[in-house]
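Each of the next two complexes has chain A plus one other chain: chain B in the first, chain C in the second.
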Partner chain A sequence: MELYFLPKSKINLLMEEILGEFTVFGPKQKDIQFVFEEISHPEELRLDYNTSILPPVKTFFPNNEKLIAFNLNNIDKTEIVTNENRKILFGVHPCDINAIKMMDEIFAKPPQDEHYLARRKETIIIGLNCKKPCGEKTLCYDKGTYKADSGFDLMFWETHDGYVVQVVSNLGKYFTAKFSYFFNFFTEFTENFYDFVDNFQSEQEQNFTKKLTHNIFELPEALRETYDSELWHEIGAKCLSCGSCNIVCPTCYCFDVHDVVDLDLEGGHRCRNWDSCQNIGFACVGSGENFREKSSQRNRHRVFKKEVYLPQNQGFSGCVGCGRCNNVCIAGISLIEIYNRAFELQKNQEEQK
Partner chain B sequence: MKPKLAMFSFTSCEGCQLQILNLEKELLEILNAVEIVNFREAIDQKSQDYDVAFVEGSITTQKEIEEVKDIRQKAKAVVAIGSCACIGGINAMKNFFPIDFVKKQVYGEMGKYFDTLPVQKVSDVIPVEYEMHGCPISKKEFLSVTKNLLLGVPLKQPHYSVCTECKMAGNVCLYDKGETCLGAITRGGCEAVCPTFGDSCHGCRGLGEEANIQGMVEVLRANGLTEAEIKNKFSYFNGLMNFSEVTK
Partner chain C sequence: MNDFVKFEMGFLPVEAKITKIIQTTAYEKIFTLKLPENKRLKYLPCQFVMVSVFGFGEAPISICSGPDDQELELCVRRVGTLTTKLHKLQVGDSFGIRGPYGNGFPTEVLQGKDLLFVAGGLGLAPLRSLIRYVFKHRENFGRFTLLYGAKKTQDRLFVDEIELWENSNEVDFYQTVDVSDEKWEGNVGLITSLFKFVEPKPEKTIGVIVGPPVMYKFVIREMLKKQIPVPQIFMSLERRMRCGLGKCGHCQMNGIYVCQEGPVFNYNEVKDLKEAL
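And then the complex of A and B:
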C-alpha cells in the first residue's frame, strides 16, 4: 500500500495531467444535481458531489450499446463489437464501488459478457470515501456498503484541506508511477494511517444512521412471508410503472436487444437497451402471455429479485442501498418503507402464532 | 419495382409531414428504396396508386371520413402519424364543447355553412397497421418504421414510458425542480425530447398501455395541482379519453 496526501488546491493540477493521458469519468454538475460523465476540463470535477443521477457502473454497460455488426446479404460479415480503452473513474463512492463489484461478478459469469468486460478491463477506479450520507433515503449504513474494502485501485479519504490517497492495487501503483513526478513533488503523508482511519470511521459512525428496524440479514426471510400480502397491492396501486427505479439502479443489469438496419437495408447493428422489470412488456413472451401483468407483481418481483432471489442463488444482495430508486420515485415508493413493513408484518405474524 | 409511399394530411398543422421533409440527408437514401407518390409539402404529383399510406391529422368532417376510407381501400398498409391521427391530440379539445358553439367561435356567423363533426382519431374510422405517436412524430421512428415495413419486420409500440427514456438520458427530474410532468405514464419512443430540453411532458404520445391514471392524479395532487389543473393537463393531448370517468 502506498500513501500520499493531496492538498485540495492541487486537484486541478493533477486532473490536468491525467486528462492529457486518459479518458476520465467523474462527478460533474448538471443543473441542480450531479452526473457521472466524461470530464473534459479539470474544474468540472466535483468531488463534493452527493450522488449522481446515473451510477458510474453504467460506463461499462452503456445504453443503446452496439453488440454486433451484421450484413443482411452476407452472414460472414458478422462481427462482434467491443470497446476497449483505458479509462479512469474518478470519485466513485463506496456504494457504487460495491455495485461495480457485484456487476463484475454477474457479467463475468458464463456466458461471459465480452462487451462489459472489454469496457471494464484495465479501468482504474479511484474511490472517494463518504464521511456523511448523501441523503435521507439511503440504506448504505444498514447494508454496510457505506464503506468498501476492495473493488478500487486508489481510495481518496477527505480531510479538511485535502485527501489522503491510498493506493492498493497494481493498477493503482501504475497510476501513481505514471504521475510519479506529481505525487513525489506535491504529496507527502506523514501521519499514522491507521490512526487516521480510526478517526475517519468514528466520524462516519456519528453521521450515518440505520433506517431499518431489524438487521439486514433478517430481510430475505421477512420478505418471503410478504409474498401474498396486501403490501404489494398497495405498492402496485401507487406505482406508475415508469421504470425510473430500474434505470437509475447501479445493480440492475436487465436489457432488451433489438436490431437496427441501415438505410441501405443491408448493413446494421444489434443493439441493447437498458430495460426495466416495471415496464408492462418486460415479462411478455412470444405467445403474448405476460407473466407479470399487474403492477403489484412487478413491484414484488423487483424487490424479491434483489433481496430474496439473488441472496438465495448468488449469495449476495442485489441492492447496495445507494437510495437512487427511492429518490427518483415521484409516487414516493421507498425500499426503506417496504423493508420495514416486511419486518412489521413478520413480527405481527409471529405474535399471532 | 420500388414500393410506393404516399403521405396524406387531414385536420392537423401538417407538422408531421414537415418532420419527414426535415429528414434532408436520409430522404435521398430512402428514395433508393421507395418511390414517394403523394406528398403535398414536397411534390406536385398526385397518384391513386400506392402501397403504404402515412395518414396525418384527425378526422373531423364527413368528406374526410370518405377520403380516409378510400385510402384504406387503396393502400396495403396504413400508418397513422402524429397525435392528431393517433389519439385526437390538441384537436380533441373541440369535443369538450357543443358543435354549434365551436362553429360560431371559429367562423362566427358563417359557421352554419361549415360541415364539421366531433374529432375522431384515424383508427376510429378505419383499421390501421401502426400508430406512430407524437406531436410531431420522431424522425427516427419514421425511419425505423419505414425500414421495418420494407423488410417485413413486425411493427411494435415501445412498451416503456417517457420517464424511462428521460432517466436514460441522465436528466434532472422535473419534479425535483418543483415542476410536474406526465412522462411517467406517457408512452415512450420520443427519447424524452421535451424534458431533455427543459419542457415537461404533456402526453403527446398518448398514455401507455395500462397507464395508472389514478396514481398519476394522486402524484399531481401531492405536487400541489388543483383538480382543474390536473384535468387540463390530461386534456391537452388526451382529450378523447374521458377523464372524469377514469379518475376518482
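And then the complex of A and C:
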C-alpha cells in the first residue's frame, strides 16, 4: 500500500495536472447544493461537499444513454454504441463507493450490460472518507456504508491541513506513477497509518449516530411482515408518484427504452432513460392490465426491491443509506420512518402472540 | 452445421424479413419471417423475442411457430405505436428481432403424460408453439386435450388450424366464445365453462395455461377441482418488458424477473408470490 500526504493548499495544483490528462468528474457547487459533474477548472472541485444531488454512479449509467445507432433506410448500418473513455471520479464518498460496487455486480451479472461496463472500465475512483454525516436523514451508520473497504483505487482521508492519500489498486498505482513527480515532490506520510485510521474512526464514532431502533440485519424479516399492512396505504396516500426518489438513488437502475430519430429522418438512436417504479404505468402491459396500479403497491415495491428481494437474490441490500431519497421527497416520505415503523409493527405483532 | 443465428450483443437486433402475412383477425396478424443468410432461430416453446421497428420502439412478442418448424412466425396484436407500425408493413419489408428470451417450456415434463392445455384469447399464440411441438412428437404423449376461449367468434386466432384440430383424433379440442353470434353453434361462456367436457386422469395429467392476466386464477381453480396436483400445473405469464436482459425492472413480480426466470412458471413457484396471479 502506497501512502502520501497532500496538503490542502496543493489540491488545485494536483487538479491542474490531472485535468491536463484526464476527464475528471467531481463535486462542484450548484446554487446552494452540490452536483457530481465534469470538472473543467481546478477551483471547481469542492471536497468539502456534503452530498451531491445525483450520485456519482450515474456517470456509468447516464440518462438518455445511446444504446444502438440505426439508419432508417438500412438495417445493416445498425451499430452498438459504447463509451470507453478513461476518466476519474474524484471525491466519492463511501456510501457512493458501496453503491458503485453494487451496480457493478448488477450490470455484470449475465446477460451483461456492455454499456455500463464500458463506461465503468478503466475509471479511476478516488474515494473521500467522511468524518461526519452529510445530513440528518442518512442511514449510512446503521448500514455500515459510511466506510468502504474496497471499490476505490485511491482513498483520501482528511486531516486538518490536508489529506492522507492511500493507494490500494493497480489503477491507483498507475495514477500515482503518472503523476509521480508531483507526489514525490510534495508529499510524504511518515506517521503510522493504522494509528491514524484508529483516530479517524474514533472521530467518526463520535459524529455518526444510528437512526434505526433495531439492527439493520433484522430489517428484511421485519419488512416481509408488513407486506399486507396499513403502512403501505398510508405511504401510498402521501406519495405523489413523482419518482424523484428513484432518480436520485445511487442503486436504482430500472430504465425505459425509446427511439430518437434524427431531424434528417435517416439516422437515429435507441436510447434508455431512467425509469421509476413509482410511475403509474411502470408495470402496465399492452392489454392495459396494470400489475401495480396503486401507489401503495408501488411504494412497497421500491422498498421491498431494495431491502427484501435484492438481499434474497444477490446477497446484499439495495440501499446504501445515502439519504438522497429522504431529502428529495416533497411528500416527506422517509425510509428511516418506514424502517422504524416496520420494526415497531413487528414488535407489536410479537407482543400480541 | 452452424445454421442458427447468434445474439451476442445485448440490444443489437438482426433483420427479420417478412415473407408472408396472414390477417387472422381484425386486430391480429401472423408474420412469417426470414433471418439473414437463411439462418434459423433456436428456441423453445413459449419463449419470446424483442421485436423492433427503428423509430417506433421495441416490445416483447411471443413466438407462435413450433421449435421444429422451418419458419419463424410471430402473431402480433395491434395495440400501440410499434404494433400499429408492424401492421402497416408489407411482405418484403423488414423489422428487427433479438432473442429468444425467457426460460421456455420445460418440454421434458410432458413426456408420457396426458396433456390439458388451456388458452384464452391471444394466449393461443405462445401456446401454439407448444401445441405444434406436441403434434410433432405426438407419440410421446397420452391423451391431449385443448381448450380455447375467445371473446367473440371473429376474435378466434388460427381458425384454419382450429378446423383441423376439431376434426383430428389426435386432440380433443373444445372452444367457447364469451359472446356468440347467429352463426355460432358451439359453446357460449367463459373458458371455465369448457371444463364440464373434461375428465382428466389427474395423477398423469399436465395442465398448461396461457391467457390474459384475469384468467389464471379461475382456470387454476378448475384444474384443482379436477384434482390435478399443484406441481403438474404450468403457466406462461405476461409482463411489461423493456430489455429482456434482466435489468430494466419492468417485468419484475416481487423478487422475480419474468424475462429471466419466466415467462413459464410452475404453479408451485408462483402460488405464494403475491404479485404473480
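In the analysis below, the second predicted complex is superposed on the first by the 353 of 353 C-alpha atoms of A that agree within 3 Å, B and C clash if a C-alpha of one lies under 4 Å from a C-alpha of the other, contacts with A are read in each partner's own complex, and residues count from 1 in each chain.
Everything that follows uses one rule, which is that a contact is a pair of C-beta atoms (placed from the backbone, for glycine too) under 8 Å apart; a residue touches a chain by one contact, two chains touch by 3 or more.
A quick note: this is a predicted structure, and the numbers were derived from the prediction, not measured.
After overlaying the two complexes on the shared chain, residue contacts for A:N215 are found with neither chain B nor chain C.
Contacts of A:P111 after superposition on the shared chain: chain C is touched, whereas chain B is not.
Look at A:I68: by the touch rule set out above, it reaches chain C but stays clear of chain B.
Contact with neither chain B nor chain C is seen for A:S9 once the two complexes are overlaid on the shared chain. After overlaying the two complexes on the shared chain, residue contacts for A:W274 are found with chain B alone; chain C is out of touch. When the two structures are aligned on the shared chain, A:V261 is found in touch with chain B and with chain C. In the superposition on chain A, A:N184 makes contact with neither chain B nor chain C. In the superposition on chain A, A:I247 makes contact with chain B only, not with chain C.
Annotation for chain A, partner touching more residues between chain B and chain C: C. Chain A uses residues 261, 275, 282, 284 to touch chain B in one structure and chain C in the other.
Remark: chain A residues 30-33, 35, 37, 53-54, 63, 237-244, 247-248, 260-261, 263-265, 273-276, 279-282, 284, 293, 295, 328, 330-332 touch chain B in the complex.
Residues 67-68, 70-72, 75-76, 78-80, 106-107, 109, 111-115, 227, 253-259, 261, 268, 270, 272, 275, 277, 282-287, 289, 291-292, 297, 301, 304-305, 308-309, 312-313 of chain A are the ones touching chain C in the complex. Interface of chain B with chain A (complex): residues 26, 29-30, 32-33, 143-144, 147, 150-151, 159-161, 163-164, 166-168, 170-173, 175-177, 183-185, 208-212, 214-216, 218-219, 222. Considering their complex, residues 9-13, 15, 52, 54-59, 77, 79-80, 83, 94, 96, 122, 212-214, 238-240, 242-243, 245-250, 252-255, 274-275 of chain C touch chain A.
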